[in-house]
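The following blocks contain the structures, represented as structure tokens.
Below, chain A partners chain B and then partners chain C, in two separate complexes.
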Partner chain A sequence: MQQPVPERLQVSPFLVLYLIMSMQIGIGVLGYQRIIAKDAGYDAWISVLAAGLSIHIIIWMIYKICGTVEGDIVAANAYVFGKKIGNVISSVFIFYLLIFALAVLRTFIEVIQVWMFPEISTFWYSLVFLLLSVYIVFGGFRTVTGIAFFCIVLPSYLLLTFGFALKYAEYRNLLPIFDHSLKEFATSAYNMSLTYIGFEIPLFFYPFIKDAPKSQKWAHLGVFLTTIIYTVLAIITFTYFSEAQLAKSIWATLEMWKIVSMPFVERFEYIGIANWNLIILPNICIALWGGSMILKRAYKLRQKKGVILLALICLVAVSFFDTRAKINLLNDWTAKIGFAVTYVYIPILFIATLIAKKVKNKNEN
Partner chain B sequence: MRIRSFFWVLAAGITLSGCVEKEIIDDVNIEMGVGYDFVEDDKIEGTVMIPIFNPDKKIGNFTYSATAASSRDLIQEVQRKSAQPLVTGSLEIALFGEGIAKKGIREFTDAFERDASIGARVYFAVADESAKSILSGTYGNRGNAVHLSQLIKHNMETRNLPITNMHLYLFDLYQEGKDPYLPILKKVEPEIIDIVGIALFKDDKLKSELPPDKMFFFKLLTDKFSEGAYKLDVGKEKVVIKDLDSKHKIKLTKRDPYNITVEIKIKGLIREYTGHIVTPEIIKKIEKEFEEQVNKEASAMIKDFQEQGIDPVGFGQFIKSKTRGFDFKRWEDEYKNLTVNVKTDMIITEVGIVE
Partner chain C sequence: MRQLFKKKLMQDIEKEAARQDTEGQKPEQYLNEHEWEKALLKSHDFKRTFYVNQKTEKKFCFSFISTLVDESILQNNALPYLLEGELTEIVDVKSLIPIADVQVSDHNEDIETKLFNGYVLLTLEGEEKYFAFIAAQKEVVRNVAQPEVEFSVIGPKESFVESLDHNLNMIRKRVPVKELIIENYTVGSLSKSGVAILYIDGITNKDNVNTVVQRVKDIEFDEITDSSYIVQLISDNQNSPFPQLLDTERPDRIAAILAEGKVAILVDGSPHALIGPTTLVEFFGSFEDYFLNYLLSSFFRLVRLFAVAFSILITPIYVAALSYHYELIPKDLLSTLITSRREIPLPPILEALFLELTIELLREAGARLPTKVGQTIGIVGGIVIGTASVEAGLTSNVLLIIVALAALASFTTPVYRMGNTIRLLRFPFLFFAELWGMLGIVVSFSFLLAHLLKLTSLGRPFLEPLYPPRITDFKDAIIRLPFTMQYNRPQYLRTENPVRFSEKKAKQKKDIDE
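Up next is the complex of A and B:
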């Protein structure tokens, strides 16, 4: 059990919905359609749905873990593995959050470079963006939550713009349903990792939620909404592109904006991508906040110093990824690590917590 | 502390926003139309059309042409001739000369596909004779590119031209079991451009052309909802029918060999009639005649497609969507033996304001 967080620093349970959604929706959604259609073809939307449903089990586990140890990931690791080993394992999560923030930031800058301004400097853009993120994290968890809330609500209108693609929808593309093997469906669901990860964050901020157990239903609802958004978007994409055409589209979501026509704007992508800044912002903020929190809890490093340290590492590392191939590799690895953390480590931790609890109860008796 | 860091962010934002290359609308040449033609020695001539905004509010046109061995070199050549950088962001129309279209236009469409600044609503069209001659004329008073794109647009929305644009062309090109098609433009008079038919493609190569009087039936088969107008002979009289709303439904009636029924439902009204009076009996007769005409023309057209091995309607894709584990390799032969029945149901709802 860790020291309780004072109430003035805590947030209401329902805000978990926004925190989870804003962390999940980031850069994966810009181009996941091609990656999942590689295996399951145009049946892949079923994989999206199935993968989304499986997340609810993990969410349930996370709340069980945090409820048992009454604390965050650092507390859980210490509870199960003891303080020293626990802290070492927790440090892995700093690395995970760091690579997550890095992948999000670099991929988004790549999008800007490809779609809007080819000359924009990766370094300067990252600097400004990270300065803003650090500034937000300095405001504390409540500020980060506020940003998460606004960055879901404000850009939510973007969903409507995909309606323009419906005019060109060829629903026959989706037929016949279930024309792929189970293995292909599974691979396709696995390839959703990068797009879905982010739902594990209650592990980091659990003590910061007022009446934390009550927030579980909001976490489930958040994941559910994300799943619906991803599934619907996948279906719209599959009806809009023919299969071989989609296989060539790196950013299918953005490419659908090419068909948007409004009297006041020639190219909607410019508005859309500029708005996407807001969607990216909570990704980076929550990752930096989480990373610095672990640094503080495990190594007693002041959070302000921790944030600046992590942001600096991000800033230096971001310049190393300068080509599409390298950025792709970064994304692949982020997806792999994300999958390992959420679908391998969390179940293990869950079982270990149950065992540890049994053993401790016995000892007490 | 907070205020100070806020100012840092603000200062950085203001100073850094100047770091990106600017494109001021008065200082660039906006490429609105582009065309490609074959010239002798297997060389390609590219034409880029830009609007010129005159002080008296008239919009003029200017074209740059260059000859090169490949489409890649063309851009270089044209840029060298242009005093201001050419930007592609508001491209309206791309024309391909017939010679180029016969050899395949993939090489050219790739550049459009790859360019993030080009929208998916750009119109593609095949130029009868030469793309350059079409682009270098003067039509209407809103500039050539707007004139040409509006010409195509209104014919697609309310007349007999099937809906096509860059997105639909690429969709069909990459869709297995479906082939793309584009409108054909021709300069009939120095100031007039006409749509003279539909170019049917096999992959990215022009295979055959459909004359304008068949376009009405073609559109019934390809578009989800279509509008158009058609002139019909009923006995001695002539009647012009405006198709307000029509739908088609494809049904797979038999396999091995495949048998398909296309059900077309047309709702229309009478625009012109040369006889004296339109009675209910005459309406019945017109409906029947019209149904027969559509059945006959559409069936003949499909037969023709089968002989040429092209599939602009997308029967292959349709059967694929109804079959598990569909094999496109066998489809090539199966398509030749496909039987298509066309069934039309026509209702005339109105006859105008006089009987």
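Up next is the complex of A and C:
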């Protein structure tokens, strides 16, 4: 149980839909097709669907945890493990959010460097981007939510542009279905981690939602929509590329834009990548907001200072990842930590909360 | 009560008479002691005239500031009665003069304010404590003219003038209900400007009214010359280029927004009234939209929004595309662009800045010069400089078209203040476009978006109904739905009575051939 957040700082329940979608869709979607096709081949879209469905269980657990403790992750950890150990565990989440922001930012800059401006300075671009994010986080959670909302709504037209690839679709690529073993499907689903993570954020902003329990259906809807987008995009990609060609495409999503041509625009990927700036903006903002919120709740650090601190760490750290291999490593680790947090830690916390609740109830009786 | 008052007065007069007997006749003696008078005597328009009543032979004196007083009122409606009537004591003034606003008072501290509000101070010989104020204000008001900034072809043709009373009169006539409340405050240590805050009791949210009242009361400034001062002093974010209160010169618009549940602020001496809380989309809705059919007005609103986006983005996109992303442009279009740019020695950004600055110069020159000269300058500058710079090979004719169109588009904004903001916004976009191409445009757009998200107008979100997204408020935002569907007041105003009229009556459905 934590201090309730005043209503003027809260947001409507349905905005959780946008928050979750904007956090999930980031850089993973630019090139997940190759990674999942490595194991399950062109059956991998089934893994995408299955992984997406399994998230709903985790969402359900998150809302159970937050509902039981009536608070965020810091409150939940303190509830289960006591204040001191709880705070230490919460600090791990700061690290997680930080590395998440770092991976998103660095990978996006890499995309820019490969596709648009080979010479663009990682430092200066990160500086401007982080300044923008800090400016947004200074506006509070409502502003962050607003950014999440617009950054889903405004670039949503990009979905239509993938329709251009359908002209060249070869549907027989998908056949035969169920041609792989269960283990291959599971590995493929596991490889979706980087693309799917981000849905755990209700753990951080739960107290900032008006009628928070009501927002659960919106969270489910958000995850469902993301799953549909990913699945459809995977199917379009698989019909567009041959399997051998896909194995060489690091950013399959971007490559599909090469086929887009309109009377006034050719080489659509320039517009697409520039627009992707909007899509990763909420990723960084929510991560910085969440991290600084935990710092505030666990260590009583003023959130203004916390945001600047985290942004500075990001800015310094981003310069260290200067080669493809290092960036790949960063992404791999982000995916692993993300998987550990969402599929290992949250179920553990869920069970622990249930036990703690029973024990506390018994003590009261 | 009156009897008592008279009795007391009589005593005072007797005392005074006794004192005067001993001290001898000094007609000015009873006024000389006051500080305010010493300062006033330095001004040449402060006048004092002495008269003797013909019946009682009592002396009385008018003190007034001649530039503020309509002397014909004194001549015709006050002086004859005071000279010929039976004036024995100060309270008689009330019954003698046919002027409604005559006050008898003993508050010395009121004298200064009253004199500067155009009252005439009447003092009577032998009357030390009490004196009378006679209202004789001179009103110099220009005629009610057609609205110039917010001109509309259809609809009412009256606009505000510089007199607060006249402006309030125009509003009262349109909202003749007792619920229309007009609160008055005085602001400015030197200007003493009257500020009227208008709202409709039972509709307008009290929080909004209180916010306005509080902020107006808190204003610390010496000379308030116009409502634009008030806008800048009470805005939520004073460092934002965006206006956060809507200003209008149309009384009909004020009447309409009062009915919606907003608050209006009128300032004495200013022909522009302020409206709050407001939203971004409201700045792109002309009031004429309500005089046209909803299909037409919705279309025009969309055109205007497109114009704004076009005006801000088109030159930066040109710079970005030609500096970095020429691959974006299809082959056929590219060849046109290349032909037009073949002879140009400048990079796209300098070319664009050159033309943008030319347009800005033309605009500034046109705005500062008298109307007729301004028009000439516009034509000479626009056509001659434009053609000449293309022929001289300084700019490409494609860019000339683009910049001219962008300038034209920025004029479609119905609110002048917002038009100025849009003029400014283009330059950071240009800068970022030169820096990072398309990416830069999106980055500066993100800054703009973040800034707009943070803005509030009287504490209400500025981007509503876009964010927080409220579907019902879209009925009068980017598009305007028919009046029959406007049965509820806008949600974000949190009005005390959200229903404008009964929804059921408005929606009477008919079958075929009935």
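The definition used in the following text is that the second predicted complex is superposed on the first by the 365 of 365 C-alpha atoms of A that agree within 3 Å, B and C clash if a C-alpha of one lies under 4 Å from a C-alpha of the other, contacts with A are read in each partner's own complex, and residues count from 1 in each chain.
The rule is simple: a contact is a pair of C-beta atoms (placed from the backbone, for glycine too) under 8 Å apart; a residue touches a chain by one contact, two chains touch by 3 or more.
The model shown is predicted, which means the values in this text are computed figures rather than measured ones.
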For this session: Have a look at where A:53 lands relative to chain B and chain C in the superposition and call it first, second, both or neither.
Result: neither
For this session: Quick one: classify A:12 as touching chain B (first), chain C (second), both or neither.
Result: second
Exercise. Touching A:128, do we find chain B (first), chain C (second), both, or neither?
Worked result: both
Exercise. Now for A:147: first (chain B), second (chain C), both, or neither, which partner does it touch?
Worked result: second
Exercise. Does the superposition put A:117 against chain B (first), chain C (second), both, or neither?
Worked result: both
Exercise. Once the shared chain is lined up, is A:277 touching chain B (first), chain C (second), both, or neither of them?
Worked result: second
For this session: Identify the partner contact of A:243: answer first if only chain B is touched, second if only chain C is, both if each is, neither if none is.
Result: first
Exercise. In the superposed arrangement, does A:351 touch chain B (first), chain C (second), both or neither?
Worked result: neither
For this session: In the overlay, answer first, second, both or neither for which of chain B and chain C A:263 touches.
Result: second
Exercise. In the superposed arrangement, what residues of chain A touch both chain B and chain C?
Worked result: 116-117, 120, 125, 128, 132, 135, 139, 261, 266-267
Exercise. Taking the complex as given, what residues does chain A use to touch chain C?
Worked result: 11-12, 15, 112, 116-117, 120, 125, 128-129, 132, 135-136, 139, 142-143, 146-147, 149-150, 261, 263-267, 270-271, 273-275, 277-278, 281
For this session: Over in the complex, which chain B residues touch chain A? Could you list them?
Result: 2, 5-6, 8-9, 12-13, 16, 19-21, 89-90, 113, 116-121, 167-168, 170-176, 178, 317-318, 321-325
For this session: In the complex, go through chain A and note every residue touching chain B.
Result: 114-117, 119-121, 124-125, 127-128, 131-132, 134-135, 138-139, 168, 170, 172-173, 175-176, 179, 241-245, 248, 255, 258-259, 261, 266-267, 269
For this session: Note which residues of chain C are touching chain A in the complex, please.
Result: 324-325, 327-331, 333, 436-439, 441-443, 445-447, 449-450, 453-454, 463, 466-469
